[in-house]
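Note that chain A is present in both complexes that follow, paired respectively with chain B and with chain C.
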Partner chain A sequence: MDRIVRVNMSDLTTRVEPVPAAWVGLGGRALTSTVVAAEVPPTCHALGPNNKLVFAPGLLSGTAAANSGRISCGAKSPLTGGIKESNAGGTAAKMLAKLGIAALVVEGQPAADKWYSVHVAKDAITIQEEKDTVGTGNYCLVNQVQARFGKPVGVMSVGPAGEMKMLSANISVADPESHIRSIGRGGLGAVMGSKKLKFISIDDTGTPPVMPKEPAKFKEAAKIFAQTLLDHPVSGQGLPTYGTNVLVNILHEAGGLPTRNFTSGQYAAHDKISGETMHATIVARGGMPTHGCHPGCQIQCSQIYNDKDGKYLTSGFEYETIWGMGADCCIEDLDDIATADHVMDDIGVDSIETAVMFGVAMEAGVLPFGDGKGVVRMLTEEIGKGTPLGRILGGGAANVGRVYGITRVPVVKNQGIPAYDPRAVKGIGVTYAMSTMGADHTSGYAVATNILSVGGHVDPLKKEGQIELARNLNIATAAIDSTGMCLFIAFPALDIPACLTSLIDMINARFGIALSGDDVTALGKSVLKTEHAFNIAAGLTREHDRLPEFFSLEALPPHNVVWDITPEELDSYWNF
Partner chain B sequence: MKIALRLYATLRDYLPDGHDTGVTLDLPDGATIPDALAVLGVPLALAHIIMIQGRRVLPPDVATRQLVDGEELAVFPAIGGG
Partner chain C sequence: MDRIVRVNMSDLTTRVEPVPAAWVGLGGRALTSTVVAAEVPPTCHALGPNNKLVFAPGLLSGTAAANSGRISCGAKSPLTGGIKESNAGGTAAKMLAKLGIAALVVEGQPAADKWYSVHVAKDAITIQEEKDTVGTGNYCLVNQVQARFGKPVGVMSVGPAGEMKMLSANISVADPESHIRSIGRGGLGAVMGSKKLKFISIDDTGTPPVMPKEPAKFKEAAKIFAQTLLDHPVSGQGLPTYGTNVLVNILHEAGGLPTRNFTSGQYAAHDKISGETMHATIVARGGMPTHGCHPGCQIQCSQIYNDKDGKYLTSGFEYETIWGMGADCCIEDLDDIATADHVMDDIGVDSIETAVMFGVAMEAGVLPFGDGKGVVRMLTEEIGKGTPLGRILGGGAANVGRVYGITRVPVVKNQGIPAYDPRAVKGIGVTYAMSTMGADHTSGYAVATNILSVGGHVDPLKKEGQIELARNLNIATAAIDSTGMCLFIAFPALDIPACLTSLIDMINARFGIALSGDDVTALGKSVLKTEHAFNIAAGLTREHDRLPEFFSLEALPPHNVVWDITPEELDSYWNF
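== the complex of A and B ==
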């Protein structure tokens, strides 16, 4: 991975450069955030010509390392106004890595009102004008693009929501079955749409497998690493069997399952939408309860969910989506939620932002709580078609709250709060407040230690120890996000020392270097500091590192807890 | 006394026929969590996360905490997500 590919959408040219010395040894989030911080003016308009969209495979992507195929995407976020990195599975990371591309940087903006695609192959990077594909949903688009090339090329695309530059728009990444994974958060699809880029196709034909500098050492470390994933009960058994949606019931029991737009911590119909029910439904309908989102995923938390007639309905059906449409919007029918998930992937909107938004819209009376069919209709007919109401809804939870005068709007830095109520799971509340990404559970998953007894236990209802927990997890996650590893390797990494040491051994053998554990921690810290400096320069002050006021005013049943971590305590997060 | 025992994920294999999510147990006063699990034959080693009334019970209290009439006991194996 020694090349940076630049695609200039202003003059429709492409350029290939060697990786500059300062960026050698960076991958994934470390690289996207470094490039954005170095080259994007923090005060630029996120949808203007000065923003850049950066795609980077991780340090280990393309190798035989288990779970190493995540692709990172970064830019200034039009939703949060700060820096953004979001990552997904699919086949793109592996293909870019095999092509020797450390990062693909999309710059500028075309003057003409025309749409384009970019094709990346071994010998050429080309830009084409697009006509037929404009307005197409992601599912159909992936098939069209792969048919055009006559092979399963990698595809990263925007749906209609991205074309319309909606703040909830995501970027889709085709998976090995030509289904959809999502670079979900922060409105990166709107940035891609602002550059009039409908899709990027990737063909890795003719490229050799990625060879580590020290193959024998790499093989040995990869074996140990894979074994630790198998040995840990969460990555070895829990996630493959039930997927992430197993969390519905435990968050309900712990009183931290945000329900009815964050007015309760328990959902009476939790069993109808639970991972256990979903697993039984998938098996009964001939779907696949266990499935990987990218080649080489060993944990396989994904699944294929069929409809009542046994036909494919959706995949990658995650806890956060099911929580949001289920408990938060009170939709009890898992098939309605699965249909909504399919439509969200197709039109290209973030399922977390959209579900949180619908919770706020239901409180505003736009549609009743529990109206699953209404949600599907609004996704298809309003948001997907860009009607005036659809534009408002597609602007996300904060936007809908402002338009309808709602005060209970669960967002931080304008980004919707996912799936874990910060009053009853206080560690994740610290992550929501402090993350450089806006409210994002994946940037420091304190739920693991607050609720799941991974990495020890810190009482979720008390504030003691939460700042330190969230800080350490955010630092570790920034490093993991740079490797191309799926974050779920954190479960074994928190409990089994050999997991982390073998991960570092793989990186060292891959590049012929000698990183220590301390170096990896230092990398995580430097990524966070780079991102934080960008956010401050973009105008995000410490007052933006706060939860919405209602969390301190309204006690959450059943534990009747409020958010009580003070601003001064939160600010101490940055003392490192 | 009566307590509600709810089992989740793979632990549901220990539920008697006709019970999908949990059972009500009639236990002698002073019964503990291991006593309740023993009724259904759930191995204590698989009871990774234990809550009473939505609050975690951690070792060493797991062995000694006496159940109280009307309490709800929820038990999970090792699970994760995110």
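== the complex of A and C ==
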């Protein structure tokens, strides 16, 4: 982990540098946010030559630590206008870590209208012009690239949406089965598209596994850590069995499942799209109900969902996607939602942004609520092809709201609000408002404590304690996002003391250092402050740390609650 | 001028109130901005029920003072996200002033999907449901409304663009010939559309002219004032002869005429669209080369432009429109531009925003540069009909930039930059950056001093003196905008001392007060500070007081100048 690789798309050169002293000991989000804050002018155009796209494996990526294979990606977001980190599974993090690459920094943009790929291997970083792969969807592209190299290389790519610089465009990361995981949020695919970079391929041939400085200590800690993942009911049972979609029924029961573009907290047809129904369907069709998104995953919350004929339809079929297309767009047919998920992965758009967007588009009358076939058609024929309507929809929820003059637009900092209504799950509402990333449940998953009673319990309907809850979770998450760990380790980390201590022990053994729990908290705080400072310099203010007005004006059934955490209370979030 | 009329569109009631003590002595922009700042929550959704639309005649409107017939309109802008005042000629200001109405405040919005009109007359303010007029263009609508009342009432209306809440939608104001003037900028038509208010009709039957408190003093001052308008070469000769379009050749010569989406400062075909060519064409076709946009106008910079067959095509055919469609979109045919102007007035979109938008759309490849017929077709068939492409284009320049991932997007605070390149006319660049209104040449017309040597001379290519110039002009303009005066009185006001003193004498005689020149400056400062405070509370920051990045990265031919006024220098603008 001792090299920074720089790829300059303006002059098509590459450069390998040692990690500067100031960045030593940083990984994942801590490193991407540090590089972006240090090198990207906050007021630059996010799609212009001065933005940089930074990929970084986590501190533990490439080791034998369970669930350490997340790849972080950072840049100035063209969607939020602030700093962005988004991370995904797949094989890229492990491969980059094995190649000793702490960060891959893509800079500049070509003057000519030509497309390129970057290949990263043990002995060389090369840039090549791309012709045949341009316009290709991600599923096909991954196969093309692996056929070109004759082996399963790592692939990070943009689909047609990223090529068209749509603000909902994501970056795809191939998983061990050459299926698609997504660096989903904030339009990072548009940044990659603006640099005319169709894909990055990674070949770790000839590199050994990452060896910890203190192998015995590491092995012992890794064992304890892995056991805590198995011991916790959420990471050990709920997620492996039903995937993240276990949450549909839970949120419906709690009255916090945003339905019909955030006009109700319960969805009458919740049974048709629930994790339980999905599990039974997968099993009946010969799919895989449990599956890991990256090598070394032990939680296995992913799955392979087959169609009625038993053929592969999609994987990484997450609660937030199913909630968004299901409850929020009132689409009852899980196969329609799975088809939409496949198409979104293929054209390369964030499924949360896109699902929230369709809820707004349905309110605008672009298509009827419940029209699953219409959604699939619009994904394929409009967004995927960049028609004028597709351009509107590909711009995300806020864009559709602006273009059609809609006021019920669930976004913060222009980014779509995910699957938990902030009026009925107030802790996550604080995270949506205050996250440096725009509305993002993964920034500080207060749903755990509000709804799942993990890490204690804070009443989701009352405002007491929510600021503190969200603040602590956002700090902890910023630290976890720096390790390369999957966020779902937070469930055992919140309830089982040995989880966090063994995680720190692994980091210490990996680098031969002696971090304490306080050091990790300090890292999380430092990451948030770096990101917040960037956002302020980019022109985001406390007025952007707010939920949309309609959450305060419209009471959410069945609890008939409004958003009532005051601006002053929200601003106290930053008191640390 | 002693009444505030409130129209509540939520419960369809009206209320007449005396002017509160705090608002006495305010008119035009001073009053609209004060009401908006006092009553509109800065973070509300601009198209939601908490925004208010405020119409106010100026302090001198309705009197015999020359050029005092501008109507101001204010609200939170859905385009800029900040406060907005935009003003126009036409008959409405005079009529409202004669009816003793200091401001008409439209509040709330109907729950039902029904459209309404408001009729203002001497004895009653009434709200009526509208059916047949909905969907109608402004030209036809004005005739319909006047036919309904059997006399030439004042009309302020939205066209289809305003009904669709497009961010480029303006509010039309009928002129004495029932042609169209426009409250153009900032999407105020979308705010009117969000309140489902198709039009306001005004009948001043039975009201006497506004009588000054001291008639003799007023008459004497008005005579001096009118003479200064005649005596100044710009207001007395240039504008009456060639209209505002006299500027095409002047800006071309100066190298500050933004061409081909702001990639050059000179337009090879400038002769084909110049004021001189236009004047000759109007005369040859039996049009009117000089014409007043409101009763009492003495400058007469408007005109009636006929088509090849001598039939009325458009009026109020301004430099900024002709520059935008002409040089910036490279359309050489003045008849195409005039046709576009007519259609823009009819469907109700801001011609500056729309012309700048087409320059960006041409860069995005939506249509070729120079395609005048294409522009007219897209205005009529796409924007006017609200097709998906029309929705994109109707969202304005920034929206097209976002949707197509374009980085050369000339906007400030989302509002299109008008007809003077800030790199070659740096004083107006400061106004664009710092105006509380977003990019707006009328906020502080530094072109006067940079290019026309009115009010002295400040070298347009150097940055020295530009901040002070723009600041002083913005302060003066905020005061002038409060009087109901046409901004073009600024030319004599800058060069002929008697102009400003007689203007103040008129205000004093009108109200029986004793304002000094310092009082007027203080009013201008106070208006700017009120607006700036609203913008800050709405979430706009110093980072929004900046020009787009490309002006600093790309040198503008022929002078090969970049924008080089630093952020710190810009921020010193607010040191007053």
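In this section, the second predicted complex is superposed on the first by the 576 of 576 C-alpha atoms of A that agree within 3 Å, B and C clash if a C-alpha of one lies under 4 Å from a C-alpha of the other, contacts with A are read in each partner's own complex, and residues count from 1 in each chain.
FYI, a contact is a pair of C-beta atoms (placed from the backbone, for glycine too) under 8 Å apart; a residue touches a chain by one contact, two chains touch by 3 or more.
Remember, it's a predicted structure, so these values are computed and weren't measured experimentally.
Colleague: In the overlaid three-chain picture, which partner chain does A:His457 touch, first (chain B) or second (chain C), both, or neither?
Modeller: The answer is first: A:His457 touches chain B but not chain C.
Colleague: Which partner does A:Ala538 contact after superposing on A: first (chain B), second (chain C), both, neither?
Modeller: In the superposition, A:Ala538 contacts chain C only.
Colleague: Using the superposition on chain A described above, determine whether A:Thr442 touches chain B (first), chain C (second), both, or neither.
Modeller: A:Thr442: touches chain B, not chain C.
Colleague: Classify the contacts of A:Cys486 with the two partner chains as first (chain B alone), second (chain C alone), both, or neither.
Modeller: Neither partner.
Colleague: Looking at A:Gly275, would you say it contacts chain B, chain C, both, or neither? Reply first, second, both or neither.
Modeller: So A:Gly275 only meets chain B here.
Colleague: By the touch definition above, which chain A residues appear in both interfaces, chain B in one complex and chain C in the other?
Modeller: none
Colleague: Write out the stretch or stretches of chain C touching chain A in their complex.
Modeller: 42-45, 47-50, 78, 164-167, 190, 193-194, 387-389, 391-392, 395, 399, 402-405, 407, 537-544, 546, 548-550, 553
Colleague: Where on chain A does chain B make contact in their complex?
Modeller: For this pair, the touching residues of chain A are 233-235, 237-239, 241-247, 249-250, 253-255, 271, 275-276, 301, 319, 441-442, 445, 447-448, 451-454, 457, 459-461, 487-488, 491, 558-559.
Colleague: So in the complex, the part of chain B that touches chain A is made up of which residues?
Modeller: Going through chain B, the ones touching chain A are 6, 8-10, 12, 20-21, 48-49, 51, 54-56, 58, 74, 76-82.
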